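Pasting the structures here.
Note that chain A is present in both complexes that follow, paired respectively with chain B and with chain C.
And now, the complex of A and B:
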């Protein structure tokens, strides 16, 4: 019993372990821990300052766990697992969970920021002149960074500011005999001619009185006299409504994360709210989306399957061809054949895009002597081209693994087949292929799921095109599911993160299912043989 | 005498015949396959050396050999992008290797509660490609950037951290198999001599599995070097871009006009990777059959 314990807790006894560990290693560990602790403490401090409570909580937990694990004498496995697990939890597990959450919300271009931020932005969106307020003598100025601003005289003191920097008293400024600012230290006053040059910007500029948008702004129409303006939409905190002061229309929050008036006008931006299964429903019932998804899904399966099949058979054919003891220069052949594998994939895809261009690409203009073949712009040719490009990219990988697997098949199996009088094709079908499959099948499944999400290839060769005419999500004929997600979330004019996340979940379910079925199948394969 | 020479002659003829039947076609296939594999690379080298930098000007290979395109390339931020990619790829490769190796060591050498479940969980997580979560990654970095700017959007460190999130999922299994093949007797012997677990890990095990470390490092490097989606989402400032995002700009808008510059960039960007692959060829074959997939 006691011997087992000493084995697991490596430093056999506390007293000797210190003596043994007090060397360079130990100081190195201490230094690393000091750096990590400093970083975490800084993160705790700064997330507290900006009131990001979730980040604060996570960093505090990390601080405790890290020190506990690395300064305790027990928990040896945890010392090795922790770094990877932390990154895995934050950047993979959390983002997976967060994706699932987003899928149930209406996150999108107009619903990204929090409710409070949205209210503040709405307060800034419009303004109206304050009736009866005094005009302010004004000069248009620039600060040291060259940003336009105003210098105004308020109660005999000169204040200056820009669009992002509220008005503040300037020390040592002077006022001329007409009551306007004369000299403003730290600011450069623009002459009338200079003001005329940037007239558009000057009349659009709003310099806030304070950080609170409800305090209003200084604006000008002439460049010499400023007037006070206040937000067009005033927020009533108690009732949680906005009122348009020009029309008296009242905007109340709706369940879509917007303030909306009775006639249906919305104030933007809004904030994200959960909307249940709506994103999933849209994928199934909105015919424009569901038909595109169905098409992209079918193409994704076809593309991934054909990619694996074509690359595997070409790779296997080449492997069998050169796996002959009498072939000389096999090393050289291998070095040259893995060139496409070594060449960065995204660059290769772009190079092929250039070669397949119509009419300027090398293939049309030179190899085919000026042919006019729309390799990338006709639906079926584009699909063919993508598979052909992926064949080039993928066959060396299959060649390498097939060569490795072939060399692992014992020679006496072939001897036995020869004695039985089996023909070459029969040997291939009944011996080589089944034996090869045992070691290669899991790799083929991995390759399938890799190609299932081979965004780079599709995006760089065709960008999903040719476009389906007039499609609301601007999808193309060769879009695979992952590029559809990218387009919905990043490329589209109105980004629909919620919908994109729901689609991601769908892809995850499909890939997980296929991999699971595949691995189960291969395990069966192993059991049979 | 005549009969003997006749017989050897016949044997020679037969041997030649067999060579012809068995081997000649293999060399023919080799020539065709090598031409197929090398052709696009030859093409891009030729395009990078052409005088006119347009796609429409390419009528033959190597019709002109100038450095015009390279000079034009060097006036862009290319070297900065290249440096960014090397830093991001290098740091995430080293981090990935260390973290995945440490985890594989724990799984291979220690028996702890939940070990089997953890292994199964990793296998499951591995199926979820990180790029599927790019929307969530974007929003996470947006929030993180408020509190810890260095881990937020538009930071190379932030991008590296995202890549490190995928370190355990993909590579631990590959390494786990190799670690298991290192005999435990070695650890035992070292332990009896008084070596601590960390010393066993760093000075014995890591050395013995160096080939697979090289493969994982290379594949992880290539993975982040080639990544487009996440890099595009995270980095927006021109001087922070990676080579993948930067070079794409050359051909995304005016595809035709800046073709030569792109070709020059593609040639230079691929040189380090191609060289690494050639040097590590032997190890890669071993790693691939054990289940590595290039990103």
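And now, the complex of A and C:
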């Protein structure tokens, strides 16, 4: 039906648009759009159910925009741009924005759950069994008004109550052979299925044990056994304070996301709060962190630079060698050289770690016949090993791009050089390298940025080791900035995600700056043409 | 033209909705299934899914009890197998969002971190706490509340290769002498690695009288470091004396894997290890005995006792189900024995523990070695200790720290700096 309408309406321009023509493509597009709409609608539904209003808003906007763009026949450029823009927003802008936001909070070990969850948790953990209280066989019941309550057996009599009515003896009630209430006149006993339907309410229900609030209340964890417990804290919603019922100490929320009493006692857990530039300040003022960042930063620059330089020059050398027509079996050799590139990097790193072990590794025990060389446990050898392993992992990539770029350099410039009487080294320095750099330099910058954050290699080969004896943050000699972030903010005892995010931003700024400078230089290279 | 857009969009939407109903249905079915049947029929078919994260050794015995729970209550139990070391960080990340599992398998020393993060709910064992071994119940206690249902206890002990020696050493020196007399490569195997292994080293450290944290009158740990001082210095010097620059009995090159393999190959008469490695040794055809750990200093060598158990997610909507599964189904002799059979840890229920140690001298040996043990601290501060502790020990053993006493003192200061 729809297709008839479209054909009739647009005789002039419609023939070129898939949106308007009844053919296989149109149905293919419809099918794809159906799948995308299904996914988005499900996301709308799910985010509505869990009350994530931001995600809901974003998905609704996406739903409208996607359908508008792809079913309209006008927005041709948008049809091409939209997927890229969406992925940019989701994977780049959102991630960076969220990291930046976390950097300004104290999100971490004791501040992970939301404020409401924290209040609930403090109430829950303070609600402990009255000393010496026995287990009470229990049934979950409803009274005539439909309110949930408990019927329990206390000293062989059945008592029942709700949140508002304290437990009171029920006349005519019977007890089954397990000692639990069997018949409770005036109350309806819930079946297991009915209990599970309202299990959240059942575990939250507190039935006063008697008219005296000092006696506490009865609660249940399983729906079959109850016990008398009394709360340690009471929460005043209006004043937003906790009161310790035994000492009358008042806990008020502080600016660190905790409830705190006058004498400085904090209730855990807390919740994340924004703390301004504190995480950034800590990087500068906490001498343990700032000196670690400086030391690791110097090594990170050296590591990234040497990794790029060694892999590039080895790759280039091999590419030039096997680009020479006189070399036999070039194709086979080239394929073999690319092999390290085909291994999963982390696996290769682990294998290298094993091979470099002293004294059990293959290199020391077999190749060097039982030599005692501390490849990974001596400071400078460990640094050398890291760069050597990265050379093995990285040169095939450089070999590939150099081979491609070399073949793109026109032969006549070499001929001209030959006629001018240039020696091979002069040809390399004045012709090959500058022409190569035009196409390869951006890739070198990218490679630098990648190695700057090459966490996998460091962690799989040395784990940052060897240890720096007595280092105040337990760091190692080969830790690069990103592994310092991981060790300081994630591995070491208390988790400090806020600090980790702030440090990541610092790294981002460094890498961004270096890349920007690098790309600016590259533009100058193009002037040789 | 406008109409065509609307019609096409409507067609797309209709298809999408249809896909939702058929495709998305399976997703929602599992969660709402019980509710609807519960309303429609009078049969007490219960609702919901209980999700449990367990490691590979725990997953299988739990599957059996889960099937029983399913048939008796009608609730679906989903057991997700995870690497044990991934459970804690992933749970900490997911629980606050309300998306985590209802129950996790864990170790008691996670308690402090999980409680201060607010992601686990207290579990009241009530009168049932008397049915458990004391150390198991105390281990999950944090500031007066219990947070776990224990199922297994583990500690390290001295394992002897009966084919090489029959000495039951009371001191480190006796052990080294007997180990050397056996005429094999290593006098003793004590796993270390480049990052050290403070857990396996702890009994020797305590034999010098240097526990990691001080304890109050009730025996509970307080966040006050006790591993420094003269006792700590004596231990550090002992490490150096047995390290690369000394006798060489301790080696950082001996990692867990190397130690296990070397002992299985008969290259040492003694190894300090836990019950998890015993099957590898008996499979290799060794006759082994389990002995208490000999003291290196003048006091008793007290290993850490670790208790394994189940935690309940504080943000779970299935707390009632989770508690009844743990208290009524998991805390039983049959399940605890099944967990012992697959994982080798001594059951936490006294009756199950007595039953298995009565007919297994290995279990009885580990239980005897653990009698003098102390529970691993549950303080959240403990997380900051391990890294410094292990690496400093490794540095002293390897000889990288030339002055052991100073290195130990620096470590104490650094830990103090990290725990604030």
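By our rule, the second predicted complex is superposed on the first by the 388 of 529 C-alpha atoms of A that agree within 3 Å, B and C clash if a C-alpha of one lies under 4 Å from a C-alpha of the other, contacts with A are read in each partner's own complex, and residues count from 1 in each chain.
The criterion applied here is as follows: contacts are C-beta pairs under 8 Å (C-beta built on N, C-alpha and C of every residue); 3 or more make two chains touch, one makes a residue touch a chain.
Quick caveat, the model's predicted, so the values are computed rather than measured.
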>> By residue count, which of the two partners contacts chain A more extensively, chain B or chain C?
In response: B
> Counting only touches as set out at the top, which of chain B and chain C does A:346 meet: first, second, both, neither?
Replying inline: first
> Once the shared chain is lined up, is A:415 touching chain B (first), chain C (second), both, or neither of them?
Replying inline: neither
>> Quick check on the superposed pair: does A:255 touch chain B, chain C, both, or neither? Answer first, second, both or neither.
In response: neither
> Taking the superposition as given, does A:214 touch the first partner, chain B, the second, chain C, both, or neither?
Replying inline: neither
>> Output check: A:334 vs chain B and chain C. Expected answer is one of first, second, both, neither. What do you get?
In response: first
> Who does A:377 touch here: chain B (first), chain C (second), both, or neither?
Replying inline: second
>> So in the superposed three-chain picture, is A:240 touching just chain B, just chain C, both, or none of them (first/second/both/neither)?
In response: neither
> Regarding the shared-chain residue A:77, is it in contact with chain B (first), chain C (second), both, or neither?
Replying inline: first
>> I'd like to know which partner A:176 touches here: chain B for first, chain C for second, both or neither.
In response: neither
> Following superposition on chain A, which residues of chain A contact chain B and also contact chain C?
Replying inline: 10, 20, 42, 50, 112, 357, 360
> Once bound in the complex, which stretches of chain C touch chain A?
Replying inline: 1, 3-5, 7-9, 11-13, 15-20, 23-24, 34-35, 38, 44-48, 73-75, 92, 95-96, 98, 113, 115-119, 121-124, 126-127, 143-145, 194-195, 252-253, 258, 314-315, 317-321, 323-324, 327-328, 380-388, 391-392, 394-395, 398, 400-401, 407, 410-411, 413-414, 417-419
> Can you name the residues of chain A that touch chain C in the complex?
Replying inline: 1-2, 5-6, 9-10, 19-20, 30-31, 33-38, 41-42, 50, 67, 71-73, 109-110, 112-114, 117-118, 120-121, 124-125, 127-129, 134-135, 191-197, 199-200, 202-203, 220-225, 227, 229, 268-269, 288, 357-360, 376-377, 463, 465-467, 469-474, 487, 491-495
> How about chain A: which of its residues touch chain B in the complex?
Replying inline: 7-8, 10-11, 17, 20-21, 25, 42-43, 46-47, 50, 52, 54-56, 76-81, 83-85, 87-88, 90-96, 98-99, 102, 107, 112, 318, 321-322, 324, 326-327, 329, 333-348, 350-355, 357, 360-362, 365-366, 392, 396-397, 400-401, 403-405, 408, 439, 442-443, 446-447, 449-450, 453, 455-456, 459-460, 482, 485-486, 489-490, 497, 500-501, 504, 507-508, 511-512, 515
> chain A touches which residues of chain B in the complex?
Replying inline: 19, 22-23, 26-27, 29-30, 33-34, 36-38, 40-41, 43-44, 47, 54-56, 58-60, 98-100, 102-103, 105-106, 110, 112, 115, 118, 124-125, 127-137, 139-140, 143-144, 146-148, 161-162, 164-169, 172, 191, 194, 196-199, 201, 222, 225-226, 228-229, 232-233, 244, 247-248, 251, 255-256, 259, 262-263, 266, 269-270, 273-274, 276-278, 281, 284-286, 288-289, 291, 293-295
